[in-house]
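After this come two complexes, each holding chain A, first together with chain B and then together with chain C.
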Partner chain A sequence: MSEQILHKVTIDNITVEVPAGTTILNAARQIGGDVTPPAMCYYSKLEGSGGKCRTCLVEVSKGSEKDPRPMPKLVASCRTTVMDGMEVKNITSPKVIDARAGVVEFLLINHPLDCPVCDQAGECHLQDLGYEHGKEGTRYEFKRRTFHKVDLGDYIQLHMTRCIMCFRCVFAANQLTDKREHGILDRGDHAQIATFIEKNLKNDFIGNVIDVCPVGALTDKTFRFKNRVWFTKPVDAHRNCNNPKCCGEVQLWMRGDEVFRVTARKDEWGEVKTASNGNTGWICNTCRFETKKASDWTIEGPSNINRHSVISQGHYVGVTKPTETFSEVMKGRDPKLLMDIHDESEVNKPNIDLSLLDRPAHSTDFNK
Partner chain B sequence: MQALTQRVKQVDRKPMTLLERIYLWNIVKGMFITFMHIFKKKPTIRYPEQKRQFSSVFRGLHVLNRDEEGRERCTACGLCAVACPAEAITMEAAERLDSEEHLYREEKYAAKYEINMLRCIFCGLCEEACPKDAIYLSETFAPANFSRKGFIYDKSDLLIPNVKTESADFAKAKGL
Partner chain C sequence: MSKKLLLEKAHVENIRLYDVYRREGGYKSVEKALKTMNPDSIVEEVKKSGLRGRGGAGFPAGMKWSFIAKPEGMPRHLVVNADESEPGTFKDRYLMEFIPHLLIEGMIVSSFALGSNDSYIYIRGEYAWIVDILEQAIDEAKANGWLGKNILGTGFDCNIHVQRGAGAYICGEETALIESLEGKRGNPRIKPPFPAVQGLWKRPTVVNNVETIAAVGPIINMGGDEYAKIGVGKSTGTKLISACGNINKPGVYEIDMTITVEEFIYSDEWCGGIKNGKKLKACIPGGSSVPILPANLLLKTAKGEPRYMNYESLSDGGFATGSMMGSGGFIVLDEDQCIVKNTYTLARFYRHESCGQCSPCREGTGWMEKILWKIESGKGSSSDIDLLWDIQRKIEGNTICPLGDAAAWPVAAAIRHFRDEFEWHVANPQESQIRNFGLAHYADEIHVPVIA
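Right after this comes the complex of A and B.
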């Protein structure tokens, strides 16, 4: 085995050595932090993904040691491989910042901005991207492209209006399942993710398209409208899954003892983490949709959430609860006038387990 | 020592005159001042018959708004609850059924919505956070109550009257 050829590449004045054939995006990910370009369509765990959304544009100010001419146009960093001595500008280049803001605005042209209703809000990459570039509002005054919402099988809800055409779910279905049953139909403005004739997606690993979707186009129907992600508490958990391809290592989104949602564990780039057995931690549909009881899982502990994420709100780490001083002060007597909030409140009633419904809650579910 | 301000007054240490020592004269002087106040403009009002106008930025009891067609605007996005520094707001969302389209504006709505007025500090951040113009702080106080139970306000306490079905109540609430 010959020595790996290492290329020296400088991204935003930080030099890193990476093997030949690495893309600029992956080299930047090795550095990490702010110099990493955002990626909406590229997914390191899916072969062939990338090159569609143009959010990862960077400026190459020096092509290589041998040919130091700069590249004439901004390049998509997920598709451009590094050269020895290459110099890349990402956040240090005003051209890149400007172009990326434009790309974000283009992505948001047809995006409905229904974040208050969308289940992806709070963990949506497009939402983050929009706010990072100050494009959370819209200047678009014309009619947006709209589609009807479609049920892809029993568990997956497709909101085609929110789709940004990243093709990630198509790659995921191609590479994870035996038979892909959905894809892109039509082209241009009419292009849509669809099954040709309202077909159910019934494949053991098809649930992973929810995890790879960067926006709220593909969402979990068993979690639909149940709760906002930032009100649920993410914990790492595992179970012995019968499916040999499923690692059984998941993230549970809990509220109290109720498991509201099961997802694969995500890394810092929002991609599915590598599981302890070395494979990518895709999870099967049984784990994702059908095991919604806390007793099904071995809980390892709270997940590590970036403190800048809204999901970390209200999750106080390392807090010691003050001891109850009432009985001490009252010499063993209980206070007479305390109110237990659950006696009065109608929210989160213990006899109504919304998490066990495999569809969104309706008005009829609350009258028990 | 130099005085810090110009309001310093020297204390009069002179011995009191006869008139002052009688003391009765000072009482008469004091009573006269009190009597003169009868003819002055009164700074108080006769609450509760008379009420002062609230300032335009007054933040009182919350209301949940409806749109022009009487549909609830709230879509249970949870932004008020996440903005609330006192953690007073809780809610549960549900999906609108086809038969409920005249009741709720969006496909998702708040099936349960509660504000714990014991926790609320009337800061108005919920109003600021709301993307759907659904919650407003009105110009009324939260009424007093004998028990804590009465301070858990649910949707029936918070929603404004429906302009279509409860037009009389709506007009009354608007003060028409």
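Right after this comes the complex of A and C.
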């Protein structure tokens, strides 16, 4: 292999070196934290995804070392590759913050906001996005667009009203299954994900569309309304799956001994992790929907959830202990004990031995 | 009388047919180009002519051609964009319907210049009858040896295919057009890669408007330098304008870009003035997506100079006080027209035609339409006008393709120039339902500050 060409890119004044051909978004993910633009439609494991939701817009204030002109418009960071010496502004650009708030508003005007009854709540990217980048109120005062719920067979429920048209499920079906059976019907704000004349989605790997869906539009029918995700405990587990394409490495969402849900393992960006065999860890329908006994699985241990959502509540990952300020307050003195109240105070009458009383102690006992 | 190049022979009876067209000097440019020139010199000639894309953006055609990638062993394609769906634009229809051979002639020369052996005409589905006209013209050209294998014994093969669209405005965007041509859903692609590198079937592709390609014939015939002498500045050559709205003589006119807007509207040679003796209120000078201008800013620029019918002059003053040449769909509105209603109609169109791929355009166009309908039907409040402004601002520039901009600009310009009319609608909800705001001050002289 020839030597990789590294490009230096500065995102919000943090410089990182990435191989040529990396997108701005992936470069920002290497830095991590607030510098990373949110992405609703981009999915690194799905070829061709991205560019549609416009939440990852960033300002390129310097094109490259060779051509330092800034780009005239905000660009979708998920589909723009870095150039050497490029300077990108994400959260340091008021233009980006403003445009992103606009996109979030657009995404939410037709969203039902039915989080209290939505199975995705707690691990929903739109919730996170709205919380981090949105405004508290809406200026939309018209009737929201609604669709009928569609049954896509025994396993998957389509709730189109919640969909944000990220096209991820279409890419997933294209790239994971033999034949895609659902797609986009219509266009504009009445476009919808649908099967042509309601069909069941039956392919072995079609369950993965649930994992790639950033919102609650595609949900697992074997889990619907059974529990809230933050009450269940995620554990990593595996089994020997007969399906050669399935890696058998999953995450079980358990409560006690009961397995409520099986999903693929996800990384900190909410994307399916790479499995131990090097492939992307997509799982088959059998693992996902039909293997729901704890005894079917070899449990490896609790999952490391490092997402910022409510699922990680109680997991205390990355918690730092408050520092001791005692010596600072005491101007360098470090006494073992400040006051021995028993020595100083006679209020409690330490000479009275309460154990000798054959009844509960009473104030009169101390007045002696 | 302004010089005509494209429509020079349009009055000749049966010019649609090959024999008549050939008798009138047709296909001379093919002979000249294929026998005496090489592809590079044709591109050079088109560059010299200063021909700008006639589809709306006005990008220099020769420049676009020189960007085409030429990888070894990879076929290249020329695609003619005949998906003329911009409201108010119908110049390509006229051209293809009456002088189809002019397009075929231009296509053969352009295909030779670009090295395209299979060229396509992507025509909008609604132009069903023109497909027959074009295919007849292609057959005639083929029968006479202008198409097919080994044209004029030069060893150059070229075939032209006509493909009908399914009636989507978005397929006029070049990458959506390519997707549609490939048989997919007409969603614009994310650029880069540009079509000149990866277009149709991932091959280098040039997409040009019908009028642009038709102009290649005359350019080769008269030479690029000669062509560049017509017109002013960077607006060279002639441009077809499809004039419509409240004018006495709507139709397709060929202008050489040296006349003023005032002359174009009021002269009997062109539009012949406003219908029924009414007054001019506003005009959308380049197809529905360019900013609308009130009469005073249309006839004179903000500096008080007369405005001409060319690329530079129409866009003088930027979007604050100017507009764009666009595709040449010249829509004239008289004093009886309601700007709010007009803007609503356009917003409804863009809402319907948005492809639904990226969020700002998909959701924003629908939102704008709803607010405009609310104002138009007398239920609006003054905060709606500001909201509308904010929405268009958040759509513009944040979308994958220019449809978002095209949807945002008319709304922005209407509010910018006709805000009092919007406010009148809000303040007089009942009155606004029974009468129009009228001309108000939109045709008044602009005050030009004297700068010493």
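The rule is simple: the second predicted complex is superposed on the first by the 306 of 368 C-alpha atoms of A that agree within 3 Å, B and C clash if a C-alpha of one lies under 4 Å from a C-alpha of the other, contacts with A are read in each partner's own complex, and residues count from 1 in each chain.
Keep in mind that, in the parts below, a contact is a pair of C-beta atoms (placed from the backbone, for glycine too) under 8 Å apart; a residue touches a chain by one contact, two chains touch by 3 or more.
This one's a predicted model, so the numbers in the text were calculated from it and none came from an experiment.
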Touching partner for A:R187 - first (chain B), second (chain C), both, neither: second
Contacts of A:P116 with chain B and chain C, given as first, second, both or neither: first
Touching partner for A:H362 - first (chain B), second (chain C), both, neither: first
Partner chain(s) touched by A:A76 [first = chain B, second = chain C, both, neither]: second
Chain B versus chain C as contact partner of A:D67, first or second or both or neither: neither
Set intersection of chain A contacts, chain C complex versus chain B complex: none
Contact footprint of chain C on chain A as seen in their complex: 50-55, 57, 73-74, 76, 79, 98-99, 102-103, 105-107, 109-110, 139-140, 142, 145, 164-165, 167, 183-184, 186-191
Of chain B, residues touching chain A in the complex: 75-79, 81-82, 87, 90-95, 97, 100, 106-108, 111-112, 114, 116, 131-132, 147-149, 152, 154
Chain C residues touching chain A - in the complex, by the definition given at the top: 168, 170, 185, 190, 351-360, 362-367, 370, 387, 390, 393-394, 397-400
Chain A to chain B touching residues, read off their complex: 114-117, 121, 224-228, 230-231, 310, 313-314, 337, 339, 341, 343-348, 354, 360-363, 365-366
